[in-house]
Structure formats: structure tokens, C-alpha cells
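You will see two complexes here that share chain A, one where it goes with chain B and one where it goes with chain C.
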Partner chain A sequence: MTGALLELDDLHVEYPARRGTVRAVNGVSLRLERGMTLGLVGESGCGKSTAGQAILQLIQPPGRITGGRIVFEGRDMRDLSPEALRRLRGDRIAMIFQDPTSTLNPVMPVGAQIAELFRWHRSGVDGAEIRRRVVALLARVGIDEPERRVRSYPHELSGGMRQRVVIACALALDPALVVADEPTTALDVTVQAQILELVRDLQTERGTAVLLISHDLGVIGEMCDRVAVMYAGVIVESGAVDDILERPRHPYTIGLVASRPRIGQPDQDIRPIPGSVPDLAKLPTGCAFHPRCALADEACRNVTPALRTIGAQAVACHKAV
Partner chain B sequence: MDIESGLARFWRTLRRSPKGMTGFALIALALGIAIAAPLLAPHDPSRQVIAWRFLPPLWEDGADPAHVLGGDDLGRDIFSRVLLGARVSIAVAIVVVALAMTIGSVLGAIAGYFGGMLDTLIMRLAEFQLAFPFLLLALMFMAVLGPGFYTLVTALTVALWVNFARVVRGEAMKIRPLEYIEAARSIGVPTWRIVLGHVLPNVFPSIVVLATLDVALVIIAEAALSFLGLGVQPPTPSWGMMISDGRDFLYEAPWMVLGPGVAILGTSIGINLFGDFLRDTYDPRLERP
Partner chain C sequence: MAALLAVADLAKDFPLPGSWLRPRHVRAVDGVTFAIARGETFGLVGESGSGKSTIGRMVARLIEPSAGTIQFDGGDWLALRGATLRAARRRIQIVFQSPYASLDPRWRVSDIIGEPLRTHLDLAAAPLHARVTELMAAVGLDPAMAQRYPHQFSGGQRQRIAIARAIALEPSLLIADEPVSALDVSIQAQILALLRTIHARSELAMLFISHDLSVVSHLCDRVGVLYRGRLVEQAPTRRLFANPAHPYTRALLAAIPRAGRSRAASAGGLALPRIGESGCAFAPRCPHARPACAEAAPPEMVLAPGHRVACFRAGEI
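Then we have the complex of A and B:
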């Protein structure tokens, strides 16, 4: 049986806070097939990063996963022992973080940081061979003079170079899945394009599946096969990326797509979505989006909509057609 | 560049830094004296000669050129005693600081990284230790273990580890939530390695500075304990004990404290300068000129 590489089933993550329990992820289900790219898009604070961290079991206490399953390569990540989890991380599943400046240890040469992967996952590889592989990786991610750069400290590299190092770390052992949490947000626009291209090339070359977390529909449209739109801890719409961007059906997705500036259509207004993301500790009743939605009626205020299939996509909205 | 070894690079950086060079020279001098003391000393440091009693040093009237720093209250040659005293003082300082630094840093890193029960346990222990008068503690050790070098080292280590534990704990708590620690976890680095290999090196600059300050502190504390009869026993000389002895004759024979005093001062300054230089050179977070 060939199941999905990663399957999230009704995932719940909560953070206790003084103002009440923050339901950062409130019943998310996702499927990601081998070698594919799934985009997870949404505004700041919608729970998309938390969902990404939950996959690798990196939720920091007091936050915790309160329900659901995270099935990766047929095993529920939540059932793994700490040691089994450690073996999986970096080897089969890896993560690229948003800000390469804070992702790299400032007092460790970058080569040594990549070498950690071989050290803790490939114990048979000796020092000289590790060094050779690290140099090869740095060269592969487009770093000049890799023999010299292995000994550089992060502050001696530019932002783009640092993110290349982070990518080298994530892909060093050919993981089946990379969770990329806003990998280009902290970078210059010109560098962004280079980094995305690098990720895509490596992905094609190695058959890696990518879960790309981003607020940027442009990036999502460029990189992904499928996309899931998240709002207030739940998925409100998901489907093939072209369908979602061309024919969004959930009012929130319609708003997101409309609020995106486009080159070549200068006359088109950018229409922001009124209001802001609800407090995740005090979610509205019914559909979480109803206070900001022009179509909302009595049913939306009282009944939480379930995902249903409309056309080629799944939408969680009473009004969508 | 590439063929140059780490040691060669270190030496080149050191030679360019007046601060580092001064510190290095002073430490080398102190260590050299400690090692070669029996060869360098012109007299037996324990030999008492009535005629040498309160003998003034070279720069005072009535000095004897054979006794550069004069004689003490028991008629012993002070210069020889300063040279021999380097052995005990420096050995105690190095051993105590190394032990306290290792124990304190590891416990502090564990407390700061894991938090919760471990943190409570370690820090309550530290507070108990802080609340307990140091001399009382030292006397307890003396009563149980008997006076001597190892008792001295144990008592001082027990007194000093708290300094390191508290500093390192605070820093570890600051570092723990940072993204590069999460990143290290995300690539499957074992927890013990994260604490020792990723958190501790980030705290290292603070530890080095603290350690250099503590070396001077230990040399002085050794004096206090030796004075109480807890430390090394006479006739073995130590700088601290010589200052204690000289205190009673500060007006009549100020040169009795001068020799050991200058020795302690020089060694402390040397270690502090060298510690500063190490931090400037090896903390990659500081911008280099």
C-alpha cells in the first residue's frame, strides 16, 4: 500500500495563556504525497508555523499537541520515543526556518554545523569523509570557495549565503520531507528568487517533498502543486494551486487573492480584507471568519462549517458555491 | 592561510596584541617561577637565621645584597619564599578555578536549559551554599578531612562553583528559546550535545571573564584559609600565608607583604589581561577591528 508521505489528521495544538487557552491549531487535516510541494498559506498568527513545528514535535512547552495524528511514513510521530524522534529529525524529515541569522549558531563555524548531521545520523562516516561531503554540499547550494567557507562563522556570510547553509543542513541527508517555514521572508526580493530556485532544483533532483509555509501567495503560486489556506487554526480551503488562485471559493481566500498586487494590472485596486485575525484564545462562534465576512448570516454565526468538495477543491464555508 | 595551523594562527594574533602579550608574559613568568623555583631560590625558604630577622630589602638602609627582598619575622629569606610560594598559590588557583568552572558551568547549563525540577534542585542547592558562611563551611571541611592542599581545593571549589552556575544558568535560559537551538533539535542533535556543544560555547566569553576574576579571588582566599590553619601547613610557603604573617609587622617591616603582594597583583593582572585577549579573539560575535 502506498500511503501519503505525511498525513495530518485532526491536529490540535494549544498554548495555555493567562487570557485563556490559545487554540493555535484547531483541527487541521492535510495530506502530502512523496516528492510533491504543498503550500500552507495564511496571515500572521493563523497557526501555520505552529502546525509546521508540530510535525517535527518541536512545540515548546507550555504549548502542546492536544489531539490528532501526525502520520509520517506510516508512523505516528506522537508515538515515537525521544530517541526514535531524534533519529528521524534531520535524516528523514528536516526543517528550514524563517530567519537564517538566528537559525545558525553564532559561535560555531558553518561547516561544523552541517557536520553535526553526519555525526549524529551517519556514525560510520569518518572525519575526512564528512569534511569532503560538507564541502560538496556547500558547493551544491551555490557557495563560492566552499573549502574556505566551511570554517566561516555565520556573521561572515551574507543573509542569502546563510540561508543557503541552512538549506544545505536541511537537505544534507536527503530527507523525504522538508518543512520550510517562510524560508524567504527575511531575505531581499532578489535573493528570494534565487533561494526559491535552489529549493526547487534540489527538490527535483532528490525527490524531496516540501511543506512550504508562507503568507506570500506569489511564492506559493510559483512553488507549489497544492495549497491549503489556513485561517484561525483551521483549513478553510484546499486544492490544486491553479484552481485556488484562479477560482477561489472561500470568501477569505477570495479576499487574499484580491489583496495581492499584480504586475501588469496597474488599474486593479488592491482590496484588503477588513478587520484582523481573531484572538485565538477567544474564537468567534460558528465560522471563525464570520465577523469579517460580507456574506455572513445566522448560520455562519452559529454553525462551524465543515470542509466540503466544490468543483476541484475543498471549502469550509456555508455560502461557497 | 590554509596550511597554517590553529596554534600558529593563535601565536600570530597574540604577538600583535599588546594586551595579550603582556598577560601572556606575566602568566609565563609566574608559571616559570613556580616550576623552576627550587633552582632559582638563592636560599632554603625554611632556613631561619637570627641575623636575617627583619633584614631590610635592597632599597632600604642596612640591606644585605644576598637578600633582595629582605628577611621576615622568623629570619627567613623573603625572595626565596616568594619564589617557592608561587607553587602552592598558582596550583591552588588553577585547580580550583578549573574545577569550579567545569562543575558550575555544567550544572548551570543543565538548570537553565531544562528548567523545572532540575533547575529548582540545582539552584536551591546553590542558594543553600550561598547562604552558608564560607568560613564555617571551610572549617567543616577541615574538621572532616583534616587540613592540607586537597581540603583547601575542595573547600574553595565548593564555595566557587555557584558563581559559574548562576551566570551560566542565566545565559542558558536566554539561549534556550533561540531559533538555532530549535534548529539543532530539528536536525536530531542529542540533547546532551545541545547543552554542552551548542549552549555552553555561547556562554564561554562570560565564563572566561569570570574565571580570570576568580583566579585572583582564589589566591586571596587561599591566604585567608591558610591563615586559619586550614590550608597548606608551615613551613611550606604560600603567598597568602606570607601576607597573613606580614600583616602583624606592617609598620615595622612593610617589605614582608610587598614581595607576595606584588606577586599576587602581577599574576592576577596577567591572567585578567590574557582572559580579555582570549575573549576579544575567540568570541565571533564581537566585531573584529
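Then we have the complex of A and C:
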């Protein structure tokens, strides 16, 4: 197969609301190659989670995908039948959510939840073999005494252990793509470090591509090859992770990087971005960032900037150099 | 100079659920000692369950300690009761993590910010209005919005309201318990800048509680690191981050995600809480642990002026 593993082309997702149409994703295009990690970074309400859910066709009505293409392994996800989607999800594409507690079934032992995936998607595999694979998976994600832990219920495990079980579920059938939406945000920093390391190891081992959705530039910097920065439903900047973090060009990315306090530098002058994110139902005209931008002028207020190549990255800004 | 706040051997036991017939307790805070000078910003950093919020709540007298002493401005802070305590509360104010839960949704902003002024100072309408206007401007809110309700404000603006209420009585100590953890990074930076400005303008001392080392390092003069209820290390900020001495502090620093971070930085497995054990709480996860570490709690030792660490092996590792 040629081409990218996943390609989003001008994706639009809208939610009707009393205050108007919420344009959560407003023309997003991105590419993810096999085995690579792409970060999707942005603040609350920028549309990053909606974009992730749209890939797996998980947008809940009344929200809907109103335009664009989602091409995964050469097929447009929007053309697939519900049955074909069911076969794909959990098998070729898996998703990891922020909160492992609400992802796992509280009344089912964790081993049975992983085994269910094999029963659904690999009907040829017999019970003994499934059991062997489940134990091996739990061992691989770092769960001690996996033979005993298969019978544990989620509430008997710590938050970090639950997220390991969720990762075991996601990787059970060796998917080509994992969409991970804030997978470590609910965890303590030392546990987060262990989980990130586990994800990286598994990815190297199996060649899985990861779309990592996060608000945390540190996590993105550590995990990703490439990164796309979202603001108010659009991608404002994308490129190799080092370029974006070290030489951001979009005023929003520059502000985001400058907003982060750096460790052990108490005299550092952090420069906050003034104002707050716009209501996605009442987007400003022109560039959605212009009300918060020091560089904004007439063109920014009227004309929506398209992504253009500057240096090594793509930037949607009239003023960026 | 005498400390504004001096906490010594502070401890808090909580009853375990379902143990009312034969009460069993978990020690959430254990032998914590630290001091804050007038105008100083002291950070308490730790992961969930480390006891950091419990310490803040004890200092604010929202819950009572099981053991230990708290001296505030030279007096016995824990001896205050009833009307004396109520009057003294204006000296120590607290800002909480959730600006959604900490503001009464049925109150107008002017009432929320004005309440401590009415309660403690009994201000008349005109001076009260003037002071509320002044406070709103000081925290970067448009005083024209004084008649609105909390739901009409964003998370960052609500945290500004909570801060305005907390500084209304010009307290000597502000306890900030994860004040920016619920906020997006660009808004978080605005609130951090605001706290810095307020701190620079007044003689306000701050007890800043957070799980986020970068936020703590940005705002604080000194930092204390908590692990399972014990203060394992405290030092001036720059020194702590340049020369962390406790293995847990090192693990915490190594765990901060960043581009190009070295691999395998995370310390040990995930030991479950071991309640009532006598040794060092970190020993089960510690790469440097020796048998002695599991037998007795390590005493605090002084590595440098103001740099204290509770680890048997701090000098040698």
C-alpha cells in the first residue's frame, strides 16, 4: 500500500447548540505515516478530541461530520458500513481515553475484557490460546502476577494499573493505529513517565502509529515525531516536533511555548496569552486568534489565513515569518 | 527574623472507611516541619495522596491536626477558638483548585468579593463598593462586571474572583491549593503572573500547593517535597532543582516529560501504600534502598543552609 496510513482532508465536525452551530473541527487536514507518532496539541475546546473521535466515527448525534475525508489504509472511514466499522475498531484502529475508570467495564474482570476482543475479532482462536495471549499481554504492559490479575476487577487496581490494562486492550489485536486522547493526564507524574515509556516501547516493538492528543507540550515533545497545533477548530501550525517547540512561528504557538514555566528557573518571565479561547459557536471573522494577537491587523480581522510553508513548518498566519 | 508561620511535627490521621467498630487510621500527614517567613512564597509539591492539601487545610484551620503545633505570627494558632478564631481567619486566606466549586453560583460577584469585607470590617455600602471595584481591577477583572454571576465568567476569570475574595482582607498568608491545575496553560500563565504581581505589591506570604513542579519552581522562593505524608526534602528553589538530594525528588524531576528526556528515568515499581510501617516510605520504590531504610524513618539532616533532606543515604548517592 502506498500513501499515508491516515489522512484527514478538510474535516469538518459540527454540533448544533441553542447559541448557534458549534464548529468544533473547522477544516482540519493532517497525515500520519505508518509507525510514526503525530501529536495533536491544543487547549480545552480547540477541537482536538472531537477530531480524534471523528477518525473512529465516534461523534455522538446531534454532532456530525459535515465535510471532508478520513482516509485510513486507503479507505474513507465515512463510506464504511456500521458492520465494517465495528470490525475495524479495536482491530486495525484502537483508542485510549484519558480516564481508564470509565473506559473499563466495572463489573467484568480485566482479563475477560481483553479476551472479549479476541472473541469478537478472532473467532478462530480457541479459549486456551486466548487465555495465554491475555496473560502475555498483561505481563507485557507491566502487570505483576498476570495469571492472578486476569481475575481482578478494575476497582482493585490503581489508576496507573488500569491505564496499563486499557493499553493492553488497545494493543491486543496489533492495530496499525492507536488514537490516544490525553492518556496520562489523570495520572501522577511518576506514573505518567512509566506509561509513556511503555507506550514508546510497545510502539517500537510493534510498529504501531500513534495519534497522541494532549494539552501538554512536554508530553508531546517527548513522544512525538511531528506535531499539529490546534486553535479554535483549525490547525494553526504543524511540523517536526523540535522545530515547533524550539522555533514556533505562529503567534499562538509562540504564546503557548512562552506560557509554560520552565523547571528550576524561578526568575523566568512567562508571558501569558491575553484573553481566552473563543466560543466555537461565535468564531471571530478572519483568523480566529486575531482578538488575542498582538500582531493582528486589518487582513487578520477579515481574511482566514491558509496554511503556508515557512522554513520547516506549515503556518496559518498572515504575519508569521 | 521570626517566621510568620512555623509548623512543627504536624500529623493527621484519617479513619479508614468501614472501620467504625474497630477504628483503624491512615496517617495522611506525618511529622511535617517547615516555616514560612513574612512575604515568602513556600511551595509544597507532591503527588496524589501525599498529604499536601491536608497540610493546607490544617494551616487554614479547616480541619484539626492529630498532632503537632502551628505557630502563626508568634502565637499558638491551634489554640484559637470560637470568636477569636473567626476574627483571626482574616489573616490566613485560601484559594482552592476548582473555581467552579468554590464560588456560590447564586451570588453576584460583588457579593462574593464583598462578603469578607462585610463580615470582618462591617463596611458601609459606599466604601464597600469602592473596595470591591479596587479589588476587581487589581485581579484584572472589569469592575463593570460586578453584578454578574459566576457562570457568566470563564474558569480563569472565576479564579481571579476567588483570588480577589482571598486578598480582600489583606491577609498575611495566602494558601493556594492547586490554584491553576484546572486551567489551560495560557490561562494558567495569566493567573501565575497575577499571583506574582500581588505578591510583589504586598507583604503577602504564600503557601503554594501543587503537583506541578514547573509551576512551583516558577513561583516559589523555597520548595518542600512531600511523599506519603512526609516532607522528604526542602530547599531554596534554585538549589532544590539544581541539586536534588532525595531519591524521590530526583525521580520526580526525572519524570517530567520533555523533549529528549532520557529513558528509564522512572523509579521502581508501584508499591501500594504501606500504612503504619516504620521505615522510609519511599524505600519500596527506591533504587538506593538498603535494609536499614525499611527499619526506621530517616531523620532530617541539613545538607546546606536551608537544604534539609530525610534520607539515610543522601550524602553518599
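Just so we're on the same page, the second predicted complex is superposed on the first by the 317 of 321 C-alpha atoms of A that agree within 3 Å, B and C clash if a C-alpha of one lies under 4 Å from a C-alpha of the other, contacts with A are read in each partner's own complex, and residues count from 1 in each chain.
We take it that a residue touches a chain if its C-beta (ideal position, glycine included) is under 8 Å from a C-beta of that chain, and two chains touch if they have at least 3 such contacts.
Not measured: the values here are computed from a predicted model.
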TODO: Answer with clash or fit: chain B and chain C placed together on chain A by superposition.
DONE: fit
Task: Partner chain in contact with A:V191 - chain B first, chain C second, else both or neither - done: second
TODO: Name the contact category of A:T66: first (chain B only), second (chain C only), both, or neither.
DONE: neither
Open item on the list: Which partner chains sit in contact with A:G90 here, chain B, chain C, both or neither? Use first/second/both/neither.
Closed with: first
Open item on the list: Can you tell me whether chain B or chain C touches more residues on chain A?
Closed with: C
TODO: Pick one for A:P106: touches chain B only (first), chain C only (second), both, or neither.
DONE: first
TODO: Return first, second, both or neither, reflecting whether A:R262 touches chain B, chain C, both chains, or no partner chain.
DONE: second
TODO: Give one of first, second, both or neither to describe whether A:T204 is in contact with chain B, with chain C, with both, or with none.
DONE: neither
- [ ] If you've got the overlay open, could you tell me the nearest Cα approach between chain B and chain C in whole angstrom?
- [x] 6
Task: chain A contact footprint on chain C (complex, rising order) - done: 47-48, 154, 156-157, 184-190, 192-193, 211, 213-215, 217-221, 237-238, 240-242, 251-261, 263-267, 269-270, 272
Open item on the list: If we count contacts the way the header does, which residues on chain A are in touch with chain C in the complex?
Closed with: 43-44, 144, 158, 160-161, 188-194, 196-197, 215-219, 221-223, 241-242, 245, 255-256, 258-266, 268, 270-274, 276-277
Task: Interfacial residue positions of chain B with respect to chain A in the complex - done: 1-2, 177-180, 182-190, 193, 198, 201-202, 204, 283-285
Open item on the list: Per the contact definition, I'd like the list of chain A residues that touch chain B in the complex.
Closed with: 56, 58, 60, 86-91, 94-95, 97, 99, 102-108, 116-117, 120-121, 147-148, 153, 155, 166, 169-170
